[in-house]
Each structure stands twice: as C-alpha cells, then as structure tokens.
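Read through the structure below, which is laid out as structure tokens, and then see the notes.
To keep things simple, chains are lettered A, B, C and D as they appear, and every chain counts its residues starting from 1.
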C-alpha cells in the first residue's frame, strides 16, 4: 500500500485526487495540505468525500510530508511547485507535479511563464502513452489538460511523418479555470455562450509543440482555446493539414485507422471510436476517445479527441503516472466507466 | 419626451433599463451614473447596447441629475438609495427606486434589513396591478423580484377571502443575485444543481406578506427560494392551503378562473395560460403568466407564475410605473413578445 | 461471485447498472437483454462502457436468463415487468424490479397505473434504510426516484410522530424522464427553464404515502414535481407542517438533529450535512444528503434531501438491495465519492 | 404599412418572425400558414406571442396569400419552398425565402441537396452587407445561419486579396437544429457536451465559398460545425491563413482594422468590438459582432464573429432584406439591443 500525500489539496485537482484514490486498491491518502485551510476538514471544500475520508487539511513542511509519504502529488499553482519539489525529492519521495513547473525545458518555461525557474530538476513529461520512461522517473511533470487531448489526437500522425501543420481549436469545460469564481465563470456570462480566449498564444502551446516536434521537427502548431458551458471535458478539434506526400494516406480511412491502432496498441485508455467522441462517454473517467474524418480530395483531416479535463487531463493521468512509477499496472484503480448520461 | 436618469447603472437592472428604454417612444436616457466606472462608456459593462447608446457613466450630484431629468430610476443597493432619493424628490424629480429602501413601512424595513432608515419618505409600492395609486405617486418603491411573482399569483384568491396559508416555493435564475461573481454563481457550482437558500427567512417575505395581508390579515405566508441553472426567470410554485369554507371554490376550476379573470381584467401584462407557464414564453418580456390546479378533494391549490426577474421583476415593472406616473398608457414601450426559444 | 442479469438494459438505469456493477467486487454482469437491440453491442447505446464490457444485447427467455444468473434486475417499463418476474422467481432466481410493478399493494397499483396487475407476488419495498426485511427477500420492488428522496427526508420525523402534513416540492434532473427525446427534454425547452408537471397527482405519490403512513397513518402528503435543467439529481424540498404538539421539538435544532441521527445510525449512505445539500456532492454516488431548518416560531420545518436519481434513486439503490439479498455488506461496490465538480 | 405573410410558421424562424414583426412600425403579419396546425391559434406553438397576436394558422393557396400580402416569408423546409415561390412571385408578391432553395446556382443546389430543382428563379443572396442588389430584388434567398457568421467575418479580408485559405470552426446553439426533438437535442446528450458533426461537408459550405470566392476565386474553404449547450447563437472561429504577400498586413493590427472599418462603414449591424465577441451581447438582436487577432510572426489570423442564429442568422436578416426591398431604412424595426445577461 502506497502512502500518498497531496500538497495543495483545496482545488479541483486535489478534490479529484481524493475521489480517485478512494477507489485505488494500492494507495491511501495519508496527508493533504492547504495553508489557508489548515485545520479544517477536507469536506469543507470537498463535500463529495464526506464519510469517505476523515482527513483534515494540514500545513506541514516538505520534509515532514516526505517522512510520511511514499509518493506526493503537488497540486499547487505554477511557480509554487518549484518551492516544494526539490526538498521532497531530496528526502527520497517520488513526486508527480500537476503544475507546469516541470513540463518544459527551463528556457521554454521561463519564456512562457515570464518568471525565473528557481529549482530545475530532471523530470519526465508524464504522458504515459508517449513516454515509457515514466516507469523509472522520480519526478514527473504531469501534462496540461489541453496538451493531453491535443497531443494524443495527433501523435500517431506526427510519428508517421504525415503532418505539415495543425490548427487546433479546443473547447473546455469551465472547471479547467479552477475553483475560484471569476467573471468568466459567472453563470450569466458562461451559460448560453462559448468564449474564445488567448486566441493565439495560450501557455499550453509549448507543451503541444514539444510533444509533436519530438516526432517531427517540421510540424507547425497553432492553438485556439474556448470555454463552453459545461463543467468538465475537453473536446479537441484538430485541423490537420497533411504534407503533400501524405494526402493519399489521410484520404484512406483504413490506412489512417491502422496508424492509430498500431500506435496505441498498448494504451488501454485510448479508445478509437465510431462516429464522434462524446464528452458524456468519458466524463469522470480516464479514457481519451478519438475519431477522425478526412475532407474529401484535400489535405485536411479533422481529428477529434474527448477527455475529462480533471481526470485524463489532470488527476487521473497523475495516478496513471503513479501506477507506473510504483510498478503497478497502468490501469490500477482507474479502470472504470464514465458517468453517462 | 421624458428625460430619464439612472442612478447606479452598472448592474443588471441598469443594463436592462438601457435595453428597454432604447425601445421606448416617449423616454430617453440622458444620464447614467456609476461612481466606480465614471468616465467609462456604458458599453464597458453593457456590451449589448453598443451602437444603440453613446453614453458614458457619470458621477454627478443628485441635484445635477434632477436638473437634467424628469424622472430618475435609482438602481443602487439597499441602504444607498436613501442617500439619493430625498434630494432628488426635493428638486422636483419623480423617482422610481429599484432597491428595497421604499417598499416597506420604516419599522418593517429596519427590522428586515438590520439598519436604521435615515430618510423615510411617502412612497407607493409599485406593483401596478395591485396599486392604482401609482399614477399619482412622486416616489415609487419598485417591488422585489420574488414578491412580484408571488403576490401576483395569489392576490386574487387573497382578495376573495379564500386563503388560509401559502407555502411558497420559488425558483429563480441566477441573474437575480447580481452581476458580481460569487461562489453560488460559479458555473461548476450552479450548473447541474438547484440551490435552496435562506430557507425560511428571505428578506422579500415582508413584501409578500404586506401585499397579501392588505386583502386578508389572517393569511399566513412561508417562503423558500431556490436558484436554478438559468440566467433569467422566476417560477413561483405557490402551495395555497384554502380556508375550510373555500374548499368548494378552489375545487371548481371555472369558479377559480373567474376570480382571476375578474381581478386582472384591466391588467394587460397578466396572462392566464393553459397548462403550465413557461419561462421561455416570458423571457425578456414584461408578462406574468399564471395557471393553477387543485389537488382533488383537498384544500390544496397549486398556483404557478412565471416572470422574467429582470423585466417584470425589476426594470420592466419600473418602466410600467414610470408610464403611469407620466400619464402614459401602461404598456408604452413594453408591449413586445418574449424571446423564445 | 454473483452472476447478474439485466432485463431491459437499453435505458439509463440499465447503463447505470453496467457502470456500477463494473466496479463491484462480488458481482458480474453475464447477460443483458433488449428486444429491439438484440445482437448489437451494449456500447451502441452505452458508449461509456466501451473497453470495460464486451457484452452484446440478447433476447433470451426468462427461463434461459434464470439458468445463467443468480440475481436479475428488471429494468423494463411498468406493466412489462410483471411478464418477467414470476417466471424468473419460479426458476429460483432472485429479482430486483426497477419498475413500479412490485412497489405497491395490488389495489393501489391498479388504481394508480390504470391497469390490471396480471401477476402479483410478495415483494419487499426496497428502501433498505426503512425495510430491514430486504435481507430475506426473493423479490424487491425498487423504489421510485422521487419517493426515495422524499421518504428518506421525512421518515425520522414521521416515526417520531411529529408530522401533521407534508407539502413536497421536488426538483429532478431530466434524465429521470428517460433516454427517449421528448418535447420536454428538447434542449431549447428545458434549458433556462424549470418545468412543473403533474402538479397534484404524480404516480409516485402513493409510494411516499405508503412509507410515511407506515409510521403514522394520519400524515397528509401533497407532492409537486418539477424538472430543472440538469442531467442528474433530485433536490427535494419538504415543507413539513408539524403537529401542534410537535412545534417545540421542531423548533429545537438539536432535538430534531438527534431524531435523525438515531434513526439513521446504521445507514451509511445517509449523510446529515451542514448548510444545504448539494447535488454536486452526491452526483454519481449512492449517498442521500439531508439537512433541515425550522421557520422561527411556526410549525413549518423545511427539510432538504439531495440524491442522484439514477444511483440512490434507481440503480445504486438496486445494488444496495442486491448486496443485502446476497448477504454482502450494504456498501459493497458502492462506497465511492460523488463526481464533483 | 406592409401586409406580411408567413408560409410555414410553426417552427422557430416563424415564431421569431412573429416576435420581430410585432415591433416593426411599417409591417403587419396578416397571414401565417401551417398545414398540420391549420385552425389552431399561433400561441399553441408560440406561447411567447400570447396577447400580442390573435392569429390562427391557416392553410391557404399561394394565390390566396398573394392576394392578401405585399411580401411573403417562406419558412418551409428546403425542397418545399420551390413549390410556393414561383406562384407567389407570379401573383406579384415579393418573396424572402428562408430555406436553401434560392441561395445557390441550380447546379450547386442540386449537387449539395441531392435533389432536382423543380422551379429555378432569379434570386438575390440576401446578405445585405455584401449584396446591395437586394434593394431591387423580387426574390431573396435568405442566407443560412452558418454562412452569415462565416462570410461576414472574412469578406473584408477576401475582398482585400489577403486570404489563402480559411479553416472555419463554428459553434452553434441547438435551436439551429429546429423545433423537433432529436437525439442530439435531448438534454442529457446536449448538456455538458459540445458535439462536432458533418465534420467536413456541411451543406452550408457552398454558400460560404460562393460569398468568399466572389471576391477572390483562389480562396480555399474548410468548415467544421459543432453544437454547444446553448439555445441561441453562433460563434464562428475563422482560422484565416494569409497569402505570403499578406502576412505583413495581417500582422499589423491597425491595417487590418482599417480594412474592416472601410468595408463595413455603411453596415450598421456590424460591430467591430474590443476583446472577443460575446453571444450574450447579440442574443435576440440583429447585430454581428466581430474581432480578430494575429498569431505573432505567422500567416495565421483568428477572426471571431458572434450572431444570434435566429435573428441575424435567419428571421432578423430576413426582415433586413424586407426593409430594403420595401424602400425602408435597413434598421427599421430592428434597431434594438440584445438580451443581456
């Protein structure tokens, strides 16, 4: 049984780690921290775990956490994780960081987030389907929610050398913006609306480029996110423009399907689906559902992926990483169906 | 043409007054105030009126407003209206106050809102269907949104002496809580939920009691509000418990219908509808749709009313008051259909 | 390991049984039937269980099902279950019927549903918190969704002899109306609306009366349901009018709390919560969250309960019954947190 | 005063014509038809116009309509309008057809809709901002909802010769799919979801191509529509890929803005807005709000447009056409603000 700690447990990803780990047969949350809520029961912000957990938020030092935990999830804002991770690692604990502090090379991080990185460490980008080296990692940078759906949708085509350019148009539920009320999350603004934002330069773009360019440096990536009136879920519409040499392949539905099948043959959470993916089919689960369709006679292939941003896009993927880092089967505690309808 | 001022125009009722008055043939907004937004265009918070208005928020004194306006809507928080109203009245302007400062007798106001009333004045409760004296008023206290739907639903029965008790169960769209984001209005909290609040002692209860007890002092009133995931609209479910002597009447559908018909024969905005009222049929309009059904063989009559909380429940009703105060037909500028679907 | 069958598995309760039973350590779905979808994979209507199940809808006889299954859930419409249940029972299988065919005495059933009961059998009303005799039952009539939230909210007060009358005002998500599109479930009609229906005579009323009158024959019950724009969840607002002799008790918060605590001391799925229950805290889970507040100085007590209509209000409660009928702990396979946000 | 007829008035566009024309000072609906609802009051499907109209659905011949009306809106399905239009025109009535029968050249229509065109006539494509010839038209083909938002967003750039290719990613409220319930419009499917469909070959694509290629034959157009959980509104995200020669221009915000300003200088319903357009700012109104942002250092320009699909995307635009055809100012009866929030 793994003793697990959660640093910064008062937000949505913290609450979701609690929900998911309650059903995990090999892990147990022994410590959850929150500076501002220290001393309060976790149910004060996570009423859904009432009766399931009898935990209270604490405010221990990194060293104290490390003594009590085999593995720690850091679910604090970017720029704060770097204050926790080195000490946790040095004390011998494995760490899965849900912030963006350990996802990118230092220079890219500093440019993207406009801040100095005070504590760089070797880390693996925790998208298990693309990074088998997770198994031996001490520190995993858990991917952003958008990059998860976006990279998984196009990686097989990128590896196959088919892609000239991708214009991503992504749509996220509003829980991706966090637990604090904002003007955007105000119901009268969000309902009956769909809101494009950071039209050309969202901070998640470097992660997507990093993952696709590993396979093919020449791929160009654009990315425009939107929030739609839903709590959970990211629907990614990837407009793939194929290389001239690849048009015949993307126009051949079976050839394209074979590329996906082969690429994901050992990835239980990727489901190639008929028709279009439905957020209702992945809600609350760790699955990523994918389908595609070529525009007849052109270089344009539409690839769709659906994930739950708080599960496969955050806490579920983090547990998937934990499983591999602990030598457990990838699916342990995560092999359940989504909440439909 | 009436020159109209709006004091405190940065909220939803201010934006709605702008929308509605833009279509009014006899009134023109010449001044709109906001301390915190002074100098900014009204479109900075009300983007829907772009191109329709070229107004800028101002921060004039009451006296300056009174000089420029024939009639003023005060759309400021309760406790603040009383700082504006006396000076406006003394300068000869008519005032329609959308706050709660002039809806209740002073002692009831002070008890309900837990504050001293610094500037009591004679005012008429601006529910035109129940208060013909609006026509000659200098100051109107515009009714609360819940009391509008609740009082209109039951007033005819109250006047007919049929009512022993009413248990109101009301459901409001979240715009009733205002333009500022809160924990309740946070989309992930409000969506897929319906939230009861102030279960037994909402501040609007005294207004409802006042209106029903005018007709029959013995009527007992309970009121439980909820917010449902919708932007606009209040659906009031009034569980009327009839007096023993009235059971035969409420069990007679036609007899009850006749009471409503007679009571509202001169009220163009009240529509008795077949089936159940639909919020979609009143959305954006000044109508109040009503229907009812008796529980067979009992003293229990369910009365339903549907209004748009920002129109009939606030700014539309305020303009209805303005019309009467200015000697115009009640329907001037308000005789349009709701936005359906 | 229990071999489980689902008769009539193409609807929401069938899909939910699949989801829940996939996580059950002691039960396994071996057969799921649908006449119209026979031969099609279950994922054709339940895409959320893709990769989790590899089942195909079948159309076997009751006898064939009985041979393969230890226990069978009948999830067919009322009036149809009675065609399956007797044969399943006679073949030695235990049955949990999710329709309304075995919830009421025959005469009450026939009057309520306007049809002859062709196959009455002894059955236990499967609300485990109120019916310990479930443990020894061969046939359980699984309660309706509204009666579950409504009865659990008031039963402790009824048993304590405090209740004169209850005016229920319930609000359900639209999944309660089933998987088939209707005018009411049409998004433009349901969104931004809250729809009262069957204002005084919903078919679930006799179940509620049955459960409360078991404790106190004199209690009068009224019930008005609404659908609100949400997928799952029932929020029940119970307006309890206390007996004259009980006013002091309901006005004493601690005394009332003690009554609930004692009544539910062995009921792990009932959670007495501070503040108001939230549908987001029970979504996808088998919990029923309850709280209450008395209207000061009156006989009026507002009791609130929140359940997921498809879990505690249907498939989860059915599995809770299965657990007890099979000698398993009540919580087996059901002890997980809701999906929040 | 124009006497107006509506052929096929039982759907959403018919209801919206009623709403809008009720506020039109120069037009009056004298006849509304529906075969299946003939004899029933219009309020039977359009409860929002109760008390505003006292009309009953009729089933007259085209000739009878023509005798009573100066102008007729045909709001029937594609393939049916062609059975009405010629006879109406021959009888001397002007016609605005809201179906797709008169928007495209006959060969393109026949290929797109897979049917023979039985009654081709000369018609003007009724997008007034791009087609000044509307003023002298006898027959106008009122544009599709998607093509309205899509064409208006990019036309100025197309005319300026800047555009190599456009990848449209559009998001529509579900009212665009009509008044009849479907699996997609079923609330549990639509809520908490965003549904891509007809990924590469929606029937509206030829209209968009027609409008852009009028300015520049070389522009390539792709189009992927989605429905999001909202009743009204289309948010169009146009990913414009500029010609090599145009990159400097699109990277110059002021230069691009000037192109839009000049192009739309006489188009009162087009509003260039700061930030991103909001559906809440155009809801219920005839405005089209537009903004844009270039991806730094690339050929990629994101252009956004927001319209109400039932107003600017259908009935409002139809009335705009009517105004011009009748020699009225374009804004007559349409110059009002959207419903916000």
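Rule of thumb we're sticking to: contacts are C-beta pairs under 8 Å (C-beta built on N, C-alpha and C of every residue); 3 or more make two chains touch, one makes a residue touch a chain.
Just so it is clear, the model here is predicted, and its values are computed rather than measured.
Student: Measuring between Cα centroids, which chain is at the maximum distance from subunit B?
Tutor: Following the centroid criterion, the farthest chain would be A.
Student: Can you check which chain pair, A-B or A-D, has more C-beta pairs in contact?
Tutor: If we tally the contacting C-beta pairs, A-D comes out ahead.
Student: Where the CA atoms of subunit B average out and where those of subunit D average out, how many Å apart are those spots?
Tutor: Each chain's C-alpha centroid was found; their separation is 35 Å.
Student: Distance between subunit A and subunit B based on Cα centroids, please, to the nearest Å.
Tutor: 46
Student: What whole-number Å value describes the gap between the mean CA coordinates of subunit A and subunit D?
Tutor: 39
Student: Return the residues of subunit C touching two or more other chains; collapse runs of consecutive numbers into ranges.
Tutor: 12, 175, 179, 188, 191-192, 229-232, 278, 280, 283, 341 - these are the residues of subunit C that touch more than one other chain.
Student: Spell out the residues on subunit D that touch subunit A in their complex, using ranges where they run on.
Tutor: 167, 169, 171, 173, 188-189, 191-197, 199-201, 220, 222, 224, 226, 228-233, 235, 237, 239, 276, 278-280, 283, 293-296, 298, 300, 302, 304, 341
Student: Within their complex, state which residues of subunit B touch subunit D.
Tutor: Its residues touching subunit D are 12, 15, 18-19, 22-23, 46-52, 175, 179, 191-192, 231-232, 268, 271, 273, 278, 280-285, 287, 289, 335-341.
Student: Any idea which subunit C residues touch subunit D in the complex?
Tutor: Subunit C reaches subunit D through residues 12, 174-175, 179-183, 185-188, 190-192, 229-231.
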